[in-house]
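Chain nomenclature is as follows: A, B, C and D, assigned in order of appearance, with residue numbering initiated at 1 for each chain independently.
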């Protein structure tokens, strides 16, 4: 039904193939029509900005220009990779914020007979599209194999909820969108306070010690909170936690086994799609335990996850302030409890 | 009044005799503008426009300067005066009075600001002199169309309305009442006292808040000249300075205040416990029928219908059963009162910044994060813990406490202003908590702002007590430990900017010194009373320095935090100042309003009603019968929007009429200057 | 930029060193968007929020103070920008809305231009990455990894093996780079962009 | 010729904010070009488009309209009306074939002397760039047309 231009980004074809495969698998059932930009190029990740400003933005802007050209009717550009998403949004945002800079970038594009009018595209991250455009009700309709009993730690990483120029997310530190999605899939969502902490980005290549410490924080807390699996929306996060977990274990003499999957893989699983189609098995830290958890169970009566203890009738101690009501979150909650 | 104005405009055929007076202002003007040349020019080139005399003088505002004008008016029979000097906001009154003294209607005198607008802002002498000439020529053309005006005189009703029963409002009420005039004190909550009643100690003297407030509350409650209207809200304000008509909704307490003795048995017997979000800041409980606190004034409970079992289930009535004097009235309805007052003081106070908005500080998520108001209640002997500072579990005393300044203040993501009281409040907490628990106290600050009498001394004292100060805005508060020592604690992550390193400081309790915000409904309140409020919702004063008490709307004054964040002494001072201003008005018995007003020439009014919607002061009324619009001169504030909008040109703005402005435009463009001087 | 180096050629310890008042403005003007750098109130929210602050020679706040003080050489020598992981915690929390990571990017560029980089690992990584992109229009992990690790972490390769092999065997790394079709166009754009960058 | 051209600009100020801003610019001795001549009104809401068009028709090269910041109007909301009229005037000017850039709307609070000065400076430059406006018969030779216009004004409206 709803059409989007897709900017996959390099990793979707390599490191994060599982993400791409699962995305393709789930997009049909939820009615998400993706049209890949023809001949898109790398977004430069976080590396190019530090080398030279104008080329860095010109590199990104080429993709925007191409997308805008193909965008007949639809203005919506969707990127599944956090870094790509942020770079695209950022280029658009700064070209708008500083018209002079915008003109300069366009001057560079002109050398390739391209141009991009800032603000002419509406750039979203995949999760944002699924939650706010497609809607959790649609997701819920497709769930045939709820992830009952699977304890999932939601992990978004940095670059989607921050800097969040357009204020799309419920919070900068603890956004609830991913939790809501996982609840809809029937999973047992772990309260994971580090859900937007940094995975280290390119640190494993630059300062391993720094990177390993960051990974340790993330993995150990997920482990302490008895998560069976972490789920993420970012190829970089997945690569670091999955790929460097072994080396990190070696570094600290620990032996964590914390698989991390892309949220689209879990969606596909709940939709009853074959694990192979969803790129299961591509992870280095095996997520077989997740499959077992559902494979053996039959959807209807499954052990309900432990509910948090009710507030005692007689108030003891001092009362807590009621949580702030954010209309955005409230609507989400309603959808989930439908 | 409308009539004789029209007459004035039309009967304006007598020959204009204009005097132009150019001031040197020492060298302030003469240093840049060739005043002598300007005066000569005016005399020569504006002669045919009615200028009979043009003089320059060192200081026109001096008594000698004024005499010069007065003399000319008498001897040359001037009927128009132009003073080219400083800004009219500086000396317009001076020169208009001078004219009046010489028997000329003060409104026949206009000023041209060749100091603020010429000599002080331009350096090129030639260009400056030319501009001065143009401005004078504009002034001359304008003054030709000036008409004598009489100030509008309105009587002042001696009764006063004060909105808000906090310390500022109480102070204001007492001052006026003691002077022998009647005051209506309207308070939204069941009792007066405001935020100050919630506090334990006040900085920097640490005297007990209740001890100094309760007597004032009591005298306000018992004063023969004060009508206390608690649990009431102002719904509508009509009229204008001198005679406002105010509509007040007195919410149903569901009991007869006359019959009730305030014995308190009802709240004792009421089975329904409710979290008290207002007075106890959500830390304590009250009953469904309650007085917010023991010293409440008036000492009469209110029945909170929303939480009452009887209104939910239709049974219970415990309060009624146990009430000896039988004061409970379940069927009582809201009352609508209409008050007649001459002046209004708005002292509606502030609300605390909602700390839950800063998610990285975890208030509402992390159990032992508290707000400043909660701590006020914790430290208060009459509070939910009888003054014991304990963690959320209600038992354990904290061993280490982190107090965080500037929560929601000085932050473009929330409020970009400084809340003024947080530093001192945080220092106070540091002292009180240390005193009660002996805990180690950290203060996390950006800058310590203790700029008031004895404030910095208090800072010194708190330093002496061994409070640890960390200069840095706290980045986040987390319960996720990274090392053994952090387990089970709240970790405050901050850059110690004086060391230049990131620190993680484990504590048991965190206090968020939340800032002050304008009340969420301040914009509606401002609209109701016809005043304006700033982007942040604070009421705007008439002048930020020289008149922080009056508003742009005559007869409406502001006091306390409603005008901007301030501490108790400042609120009290402002409350008293507002009272003084009101009393001054009352003593005058009547007041003269600037006759800068719009009026309708009925013959021209087509009854199109275009102007009807334009007036924010409801000064415009439409007469269905005659199909014409009329403007109430006392309500009109003289903005002139309707004048500009009237397609028939039926509305004239005295003091700023179309003729005056059109003429001034031509004058400024020098269209009135003859190519060759007309020789006399 | 050449004059930039000459300005800071005197050692910092030298009391006669002239403060370089142009520094703050230069950094701000070279940063994408409106950096708000001059608005810093030195509150330390950035340094407090930073997940890798421990590794930094100077917290971002301190670095900004150095920029104000015109300590060009010291500021550009600092490892801080290279340790920044672009997590944007500081940006969303900064009470003055300063684009901190973007300022960091600018400082990286300036440091490289001024040849003041101390540890070349990070710059090399970025450069290698960009070389690949400029060559193929896409990133090329294995080329990048092999080149980078061989140069900087030869000893790590043994620990890396399992991962590397895993990635390869699971086809999560391509042995050959993918190249975009219209490389000519991209090269032209980047060429022009570099000229424009050089012009300012 | 535009180099030597000194535009004449009429400025309308509101008595409560922008006029006081002009006063403040003065007391703070902030310099700006002498091309602007101000008229004091009680409120920007008082501005009748006729004033603006008349000024331009009678020889002004630009008109500057100033008032309180939105939400801070002394008369609560009248500056919004000024804003609406301003949009209207721009469109009308376009209709007349006059650059809408010849009129400018500036919000300046009583505390913004510096802002007022910089806005004036900027506007003077813009109008200078646009060059002189020869509008209406009187255009640049006011002297000849002068008596006529004055007469017209004296006919009771």
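Methods note: a contact is a pair of C-beta atoms (placed from the backbone, for glycine too) under 8 Å apart; a residue touches a chain by one contact, two chains touch by 3 or more.
What you see is a predicted model, and the numbers here were worked out from it, not measured in a lab.
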Mutual neighbours - chains that touch subunit C and subunit D alike | B
Taking each chain's centre as the mean of its CA atoms, how far is subunit A from subunit D in angstrom?
-> 54
Separation of mean Cα positions, subunit D and subunit B [Å, integer] = 31
When the C-alpha atoms of subunit A and subunit C are each averaged to a single point, how far apart are the two points in Å?
-> 25
CA centroid of subunit A to CA centroid of subunit B, Å | 48
Name the residues of subunit C that each touch 2 or more other chains.
-> 89, 92-93
Send over the residues of subunit A in touch with two or more other chains.
-> 172
Per-residue multi-chain contacts in subunit D, two or more chains | none
Chain-level touch network, classified as line, ring, star, complete or other = other
Within their complex, state which residues of subunit B touch subunit D.
-> 10, 87-89, 113, 115-118, 120-124, 127-128, 130-131, 134-135, 138, 141, 527, 530-535, 540, 543-544, 552, 596, 614, 616-617, 637-641, 643-645, 649, 653, 655-656, 658-659, 661-666, 668-675
Okay, in this complex, where on subunit A does subunit C touch?
-> 10-11, 13-17, 39-42, 44-59, 62, 90, 93-94, 97-98, 101, 104-105, 107-114, 158-159, 162-164, 172, 197-198, 200-203, 205-210, 214, 243-244, 246-247, 250, 281-282, 284
Within the complex, subunit B is touched by subunit A residues 171-174, 193-194, 217, 221, 315-324
Subunit A-touching residues of subunit C, taken from the complex the two chains share | 30-34, 51-52, 55, 81-83, 85-89, 91-93, 102, 104-106, 108-109, 112, 121-123, 125-127, 129-130, 133, 137-139, 141, 145, 148-149, 153, 156, 159-160, 162-163, 166-167, 170-174, 178, 180-182, 185-186, 188-194, 196-197
Per the touch rule above, subunit D residues touching subunit B in the complex are 6, 8, 10, 16, 19-20, 22-23, 25-27, 29-34, 37-43, 45-48, 50-51, 54-55, 58-60, 69, 71-78, 81, 85, 110-111, 117, 138, 142-143, 145-146, 149-150, 153, 156-157
